[in-house]
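Down below are the structures I want you to see.
After this come two complexes, each holding chain A, first together with chain B and then together with chain C.
Coming up: the complex of A and B.
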């Protein structure tokens, strides 16, 4: 018994050590300009994370690794954000505290309220409302209209729609007997998802459109009985991609700067080349925190956080971040395989695909492996809505990792 | 001064991050090794609800019910639990014409079905929770 306890405690203590050391280093870097509120928030957050990892083991009989992995990612991210811009770092600390709160909220709401799989109209209504609001109040930021500003706080509705999309698809595929009486049900669901993707395309939010596509295609591939639909989808995807390249200028630019950023180094390709320079100048062990120049990369605190991490903390840390994402996604799939309740199973699957595909798209983008699309690296990048929606997704995964009582849902 | 500390810390950070990843992968490895995939082939099985790494004795996550299943502290039981709260022969589950029945074998501390102590025999249905000592099992019957 004692031995088992030690093995469970060791990653938690390592995480604690890492947070304390890195925070003290970052505060040393910023010596003199750190105010008391920041100290209190930072130390508070470290304690919250440590206690959460402890308490979660007691209250949840589900997976105990996902929260641990995520808190490590979060710690690496917030230190980097703080080092690049201490004001944003302070905000990020607050967002993270809120995120952990939202995580617990999602966990309890999803666990104790039943019947989530019957509320497709609600999810649909909310999604379209969010899209409508984006068009009505949206501001164009970095080429995409995906931000709403309300009372000085800006937020990105598409981050919430991602979660709603997973709920819609999960509710559809877990109610086969309810929908099989409509002959064209699979076409309706395809129509809904395509309408989302089209709206995102109009907002020029290409990265999120790609995530929606990937989630839908993957779940359809696993659960759709009419296999021909998957082929239609792939054909439509290819056609849409080619059409987008020909018709829209901003798609073409992304592809051109991906193939050869060096010819456009003075404007369109600047971000990618700076990102590559940063990664190269870091080497295997990095320049050390505070000793590099991540401020040369535009947006190094959100989309390009990975390049900043590679520059200052080294390629090894970068590889570590990728490995952490890999075990997170692996845990997600294992949770989905173990879950017997179909709705929660598809939810877990959707969330794992979301984490996986989102990190692949942005990591590929900053490494010039894929065309660059501006999305955040989940849990690591700066960004309020992104942090919140990622923690909601994590809460869903935590609920799905438990045994769900199937009797009540039988009706 | 700061530069020197930062240079030293970057190696420490990388070591900590990799130790962290290693310890998680080790825990996951232990978790996978304790999984018994073949057990889920049958229609009915008992699934352990407790977290396996919290229990001080050897136990599996799934136990298939193949006609009959017994639990107790003595070594000829199908489920062997070395717990002082468990009697030598504690309970048995018997199949009869597709239905499963849980029978308490006069154990000292009793067998609990969904929180209620059973007297002699009780019929099991999918999703029932069987509790013995601190250990809880979920009864799953997929017909």
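Coming up: the complex of A and C.
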């Protein structure tokens, strides 16, 4: 405990310093319109992050770095969102505070309630219910029907289904004795995952579909004893992808604008080329906070937040963000390797792969390394559901980093 | 390590490789691709300044406005008053087609911005600039207009400059294009096989032909102990390859002065061999061949063949044929160097940059680029070039009361009819204007077609330019 506290103190203070400095820059940029609400926002950010890092160390005996890494990412995100749109920045701070609360809530709920690995039907039911609600109440936003609005707040159900998927997969692979009596069990689980992917495809939420697939494939690769299934999985997905390309125009457009966005620069390739302009304009050190023009990028506060960061904070901050994700994923895998309880081990893997794949897909997208699919950069992009679900996932990882009492639930 | 752990580590490694790949690609993108992408005209960052800043005017040496901008309900309009007259000097600035000419190379001055540094942006936030700087050119509008009229109907280029200061008085390249209607004609202009977009004065590479003999003459003077006498029989054979004089005319007994005056090919081929490959190349390089000429517009380097060339090529180089290529601007600089005691000065097109309130922002002074030849020998060559005009091939450039010094050229062109050349300067005793004229694939001799153009322009220039 004591050792933990010492090793954690210095990065915590560095983070504190980073926030103070970058917030001063934001104020300098926005000198005329700095009002009381802004000060409160800023002080709020610093205090929330400092305190929650401090408190977590007292409560949890587990990994003390993942939360620190995430708060660094969140700080960069909030500052960037605030700089793009101060209204959104303040809202994002509210979401962040809520996210941290949810993090602690997840942590305690997961820690003190047992039997999570036995409730597959519940997760399945919830997942399909969320899909059903999306189709029933869904609104088309940026080409995808993945938002529903409840009481004035829009909400993205797939963000929650992501977590449920990890629970389903973890529960399945941690109960081999329970499922091995069914000959076709591995096919059922594959069928379930593919039904999710197909539903997401119908909602035109390709990015999330890709995340689902990647999480499933990775865990299947690690735990599936019938190795031939992995091959089936890959072939099936490739066939589905090709079919999607041929049948659906919106898939074709994404691929075409990925290969050559410059030919479609004033219509379909507009977003990605604006993103490349922003990154190119930033250079190695960036234009400086408030001195670039991220407002030229559509959705610069959500999907394209990374381009905005690169423009104003430079390539080196961009690399820093990627490395933070890399360390986060590394810590997640390390937690999994140290976890003796299989269910929690798979949960930790699922969450780490989720963080890794989701950031890779959107980072690759805005850099034009991968076709662009509209998903958020976890912890950095603006967006309530994204922040909340990411903090739930982080809460899961925090629990998984602790010693789980395995006596009552022996493997 | 059991198989589960091994696989977990494999997945982790795969993810880390992808992350590292992203970092690598980003660095590559920033280092090698960003610059080109940034300059794409769809990048609004490039134009954000243009929309708020009134682009500066461009004036000639007498303060005559050539190009200006006006603001019409929040949008800026640029007026090119003289259509095609300055298409290759001033160029154009259109959002759709980008920028060219001085509009490109002096863009930041015209908009009054400094290289887009962060500090600059900061200053811009505190006190936004709204008016750009004006450019005062060295061009004399009247001379420019006259030069274009003299060349009208032909392909080619005229460059007139001050041999001592490097100020360019006129620079014409034909065919040209109308900048004011560029938006409507872009398709036709950009696909015209005569390439009107090409500035022949600075980027057209021509075989110089006999005008290059001025440089060969310099090389001969630079070679001690060379026999300057020669008996011309109208033809000579070098390494089995025959070199002929114009219309196979034998000039008889010749010294260097007469050889230049009558532009004797056999003389200069034989003497090029005597001078040797290195000496001739070094002399040519002293006159900026194989060198970048710093200028306000992009310039192609003239080329003189490097490395071991055979006797035939060396002999051909001596009369400006073979692989020797040059630009009209460079040849005007050669004439200037002879007029200016052998010193090659940097040509300048923009005299000074002045702010909208009349404050001097930057002025450009005369710079010496190279000593082409020492001043004594330059004076000797000048005498010979006077002889060219007095009694040789350049008679058509002679002017009453003013002594012109010059050299004609009729350059054989492997891909078409010959180019007609004239280079020269006047008045010989105190040179004020140096000139290069090239008529592309004209088929005529330099003495008959290019020399009269030079003469008329020199007369106009000496009478009208405020030196």
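One rule holds in what follows: the second predicted complex is superposed on the first by the 395 of 411 C-alpha atoms of A that agree within 3 Å, B and C clash if a C-alpha of one lies under 4 Å from a C-alpha of the other, contacts with A are read in each partner's own complex, and residues count from 1 in each chain.
Here is the rule we go by: a residue touches a chain if its C-beta (ideal position, glycine included) is under 8 Å from a C-beta of that chain, and two chains touch if they have at least 3 such contacts.
Keep in mind that what you see is a predicted model, and the values were worked out from it rather than measured.
Contacts of A:329 after superposition on the shared chain: chain C is touched, whereas chain B is not. Within the superposed three-chain model, A:210 lies out of touch with both chain B and chain C [touch as defined at top].
When the two complexes are overlaid on their common chain A, residue A:158 makes contact with neither chain B nor chain C.
Looking at the shared chain after the overlay, A:277 reaches chain C, while chain B stays out of its contact range. In the superposed model, A:291 makes contact with both chain B and chain C. In the superposed model, A:340 makes contact with chain B only, not with chain C.
Legend: residue contacts after superposition of the two complexes on their common chain; A:369 is shown touching chain C, with no touch to chain B. Judged by the touch definition given at the top, the superposed model places A:25 against chain B, while chain C stays out of reach.
The contact surfaces that chain B and chain C form on chain A in the two complexes overlap at residues 29, 287-288, 291, 323, 330. On chain A, the positions that touch chain C within their shared complex are 29, 218, 221-223, 262, 265-266, 273, 276-277, 279-281, 283-284, 287-288, 291, 293, 296, 310, 315, 318-319, 322-323, 325-326, 329-330, 333, 336-337, 349, 353, 356-357, 360, 363-364, 367, 369.
Interface residues of chain A facing chain B in the complex, by the touch rule stated above, are 1, 4, 7-8, 10-11, 14-15, 17-18, 21-22, 25, 28-29, 57, 61, 64-65, 68-69, 72, 76, 285-291, 312-314, 316-317, 320, 323-324, 327, 330-331, 340, 403, 405-407.
By the touch criterion stated above, chain B contacts chain A in their complex at residues 2-3, 5-7, 9-14, 16-21, 23-28, 30, 47, 49-51, 53-54, 56, 125-127, 138, 140.
Only residues 4-5, 7-12, 15-16, 18-23, 25-27, 29-30, 33-35, 37-38, 40, 42-45, 48, 118, 121-122, 125 of chain C touch chain A when the two sit together in their complex.
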